[in-house]
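When the chains are written out, they are named A, B, C, D and E in that same order, and each has its own residue count from 1.
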């Protein structure tokens, strides 16, 4: 494979495309709601109508608006059909010839679509994730080609540094700096790892990216490997995402067959092998040291840092770990340049961010917006606010490690610093919207149940502390709370946060701390419901 | 000077802490000048007084009578002290907790293990119902001080009481805190 | 219309209980019951523990006689290992048990029962306790306290703790006496003996001082059970079980604890957490028997130490028949036993074995179904364990002295109530006599189940349909 | 790290040429018997055998030259692996946030009620396993459950009860 | 190897490069509480008892794995640290069924000692009362999971010193537990050499010598130290 061959594939693919394409979403949400059957019905309908010469059906990745799925979009005229049933297929095909489709037509002028700036998602819903050619047709692997053939590794690192890209996994560490560290650390063997163990409740960005555009991530990883001097990569992907696994397996095979991965990439001396490692149901493995333990075939328990993976990672070798979305940004940064990338976003948070919207909003699904977009725009405009005439009460961002943002603070721009300032975090991009009917104690209880279940058990604060926090919340929620419980919750939370070994434990109390910060009254109300409260120990003492 | 009104009560425990209290031996004679025992299993007052300065509670909260007595004690006592490991931690009586439903244990002891006339004691108003989970006293009421030990040695009790009588408070430290 | 009187808690006993007294329409006592109101579940939660921990765990049944459980459990353990323990270990175990007899009997008399006998059954309940005794007769109180202290000290010098020493173990004991400790104990024998004799003297005079009480505090025929030595002598640690009837006839002799199930049955009642052991051949509830000091003196041929034997002889001469059938005499018997214990201690201390270092036989588990017995201060105590091959307890059954006295205590309560409790005005002293009758047995309810009281003593006027018409409360 | 290998005879199913063990051999070979590939091998074994019984884990330990306790420790750390058989039918209730906010807890309560099982348990007759999962990625159709491997969305308490009732009545 | 100078609790301390803060502190006679640390085996940083404060950093670091660095400012005993440590001990006490009074290690238990050291007179947290097993199938030793604090010392000493790797951790979170071989009865373990190192390594009464009665189990760490020294330094006589 060389650059010419790459161009040939691209041109051949463009040339083979039929004038009209029905893009049929086959990402998980739509797939589970009969996506395959719809695709088949459309193909049958085209056959019946004798339109197979001019129209083709493409199975594509996520188009974002999951709540209205299954989705079918007509290319090039752009009509979006929502909540499609297989029985709609015939009328959709008929509509190509001027008929009227029975399926609901989506409003593409809605802010949900118009306010998006697709960078990571530029190919989502457009390429067929199971066909590498469709990716190459949209300039796929050109960045890798450029990097390998035209740039010195240090230049690649520099470009990434200049772009201002920060880790999309949650903490927002500067990606360029991390790359530089790994590149500089001496070692015969280095590794590049993609953290695709997206486990935060309510987050499904990475799943979507991998299901929709897996090559983009592979390309990003290959560029990283070249930049830091690694020859082996691992993608650690959740076992709960069988579709991702399948599509990644196909993608890796296809890329290897074309010489875009494996030995002698682009016919150079650069070798880069990528293997999949399938998670087995442990949230903590999203933590990088636990993830590495798991890749090494051990119990996925974290270890103290330092040493950081960049110095001593997989099998004690320097290891670069980035998450899916971070890698997915790389090809475009190379292709369009650091300057282009850093022109988007805010002073300290560059580029765009993908968010998954869930909870009490009209439109749930996946969006990508420039950093700095106010939450209000995302929640009220793009997601359409609360459904059924409800009122948005709060937004929970950052998954487990994040926090809740009350409606009054919706003008906060989404960038790393602003969110931290109000007690939330960017996190990986899960956004759960709560309305007035939601009880925040219940939310904290839900998150804490999750933490208890997912704590690895190695360090005491997280293992035993989360259990006690959960018991307190459970007691409060069930109307058995006592007056001292809130203070106890706070004290425990502070200790678990300060003393836990890894990020999971350190952030486990966040849901409690953050809901207590803004919704303390809901806790107090719950406690006041305790029928025995007047007879409880504190009340009795006070009455003395 | 009025003598300090002291009560000692005994919930789910073995009386070992009270025995250790008596093990202060001749110091009891000195103590009798400073304190007045207003309620105790070793004395004949049948009702917990309305106002007590210091109450030492031995034993864990194991049945509904204990729950009621605890609250009565808290309401009437200026200072409540958890006296011994059962009161402080639940200790041995709490070993039944992992077994779950106390009814099942009653079944074993009184029905399955009876040679004749098998019946689990239940008479209302006579035998108190067991609580589901034996708990330390501070899980039921606020406790001011703790004297751990199974039982606390008489010297530990002496130190705690002396501190309390002389300084008005009694935070034990060091080896005096050792459980068991 | 009938009335129910509830005494709650019964005080100055080891463990708490309630008493219900049922009066008929004319205010006469119809019946009475003794309720034990607490349960801890040792027999269940011991399941799954190791044999070696059983002594330590079961000691927590009771803070007054932990040594009894320690010894019964260790003896059960000896059998599981199928070893005979070193002679020194047996002597030391005996020494500790006698130390315990001394402290426990002293407690029963001085701290718990003497306020009735010295201050009077009708004296002010607010001071009718050990502190009242301190005020009334500080010298006697001090002597009593020091006697108990000496007993506790023997336990401590051997087991490092006065209450709950973890010292006796399957196969032997963990530690012997140092020479200093031996001397320390020995040095106080004369003082202890003097106090014991003084107390015995008080007990001897009680029948004259309280004739009505002494006639009615559990005066009825029953069986008696206790350990006796190989030659029929008084025994507190090993030997075989003997059962005599109210005339002194040997109903059974040479019984082994291994077969306890052949002669001891257990029944339950809805109204008490304390089970009702009965002499199996006579069935329930007819198989009423008593254990403890009264029973031990009834079953033995002699004590085996000079002073105690002299006192036993005098005691027997005082009795109208061959055996004592009156629970009031428990006090008297108990004081004779203290003397026996002190003499026994003195004798044991003369043996250099008490400072030996050969104390423990070690072995694996060799028997799986084992029963151990010892005499607790208040009577015969059985531990029965069923073990797995590794020594884990599969099931445990514990039959405790006070349980075995349960039927007799109930009968005593009823007898006293019928004699002393008369309506319509119930005097506090009447009810105190009911309690004192229970105290005579020196019951150890913590052992049996452990009890705790709650409600004030109250006299309830209950209609025949069960409705409470009036409640009279005593402070 | 050393390892005292156990030389006890392998179960007859292995010796007898259970074809499933051949499949497992292939998976192990694919990873060159690398001990690092333990989790991959466990995935394969779980897929082939349905669950990881002791004999199977011993077999894997031996082949990957790993201590027995390490293999067991890894197998029980990850929720995907099961060391006891799953029921003939499985009902997995998604507890992802989207499903949770739309009432997943009610679904699990309904499932527990009709089946008499607690989440995480398998019926003693082996007919049914009740489980929960962290987000199965079907947020758009929340609340979703997975019945015998098939994702179904928009569930109500009645629907879950109805379906489980069918299974319970039919037995296997 | 280079010498690093740092301050611990305001005292100037010098240590060899590569040493941990815990080692440096111990050599300087400064006590830092530990539970999962065991001389001679690797460190996990799991119990969090040895957390220390560093300079102005808000993040606490475990002294057992933290390497000394030039100019480091370490505080080992602030109010905040003591408060956290105390809470951790309370959490451990309430997590399983630690009944000190009837434990074979009563009076000789590191957890109990820690409670004494930190002034824990009761636990503010609910006792969980999990159902735990007791395994005394081994001829000489027993394990009582009621008393296990999951420190993993047995796992490490068995793997790293004895080389048998009989022990490991199974399950996860609060449901973690130590196992021998395939979570089979210890007595059935084929890898166990019955060396007893795990018994000596265990800080509580969880792993004990069979036949030990209440309070009788005293762990002898010097034997372990002897083996480790003999191995590492080829030194058999102290």
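Heads up, the rule we're going with is that a residue touches a chain if its C-beta (ideal position, glycine included) is under 8 Å from a C-beta of that chain, and two chains touch if they have at least 3 such contacts.
Predicted, not measured: the structure shown is a model, and the values here were computed from it.
The minimal number of chain-to-chain contact steps leading from chain A to chain C is 2.
Chains making contact with chain C as well as with chain E: B.
Greatest centre-to-centre distance from chain A is found for C, with centres as Cα means. Chain E has the Cα centre that lies closest to the mean of all protein Cα atoms in view. Among all pairs of chains, B-C has the largest number of C-beta pairs in contact. Taking each chain's centre as the mean of its C-alpha atoms, chain B lies 34 Å from chain E. Here the CA centre of chain A is 39 Å from the CA centre of chain E. With centres defined as mean CA coordinates, chain D is found 49 Å away from chain B. In terms of their C-alpha centroids, the spacing between chain C and chain D amounts to 58 Å.
Annotation for chain C: residues touching 2 or more other chains are 57, 60, 164.
Contacts with at least two other chains are made by residues 101-102, 106, 124, 126, 169, 171-172, 215 of chain E. In chain A, the positions touching at least two other chains are 282, 299, 454, 456.
Taken in their complex, chain B has these residues touching chain C: 9-20, 22-23, 25-26, 28-29, 32, 36-37, 40-47, 59, 62-63, 65-66, 68-69, 91-93, 95-96, 99, 102, 105-106, 108-111, 113-123, 126-128, 130, 150-151, 153-154.
Note for the complex: chain C touches chain B at residues 7-9, 11-12, 14-16, 18, 20, 35, 37-41, 43-45, 57, 60-64, 66, 107, 111-112, 125-126, 128-131, 134-135, 138, 141-142, 145-146, 148-149, 152, 161-164, 261, 265-273, 275-276, 278, 280, 283-284, 397, 432, 446, 450, 452-457, 473-475. Of all residues in chain E, those touching chain B in their complex are 93, 97, 99-103, 106-107, 112, 115-116, 119-124, 126-127, 129-132, 215. Across the complex, chain C is touched by residues 101-102, 104, 106, 133-134, 136-137, 139, 142, 187, 210-216 of chain E. Across the complex, chain A is touched by residues 44-48, 51, 60-62, 65-67, 80, 83-84, 87-88, 91-92, 94-95, 124-126, 128, 149-150, 152, 169, 171-176 of chain E.
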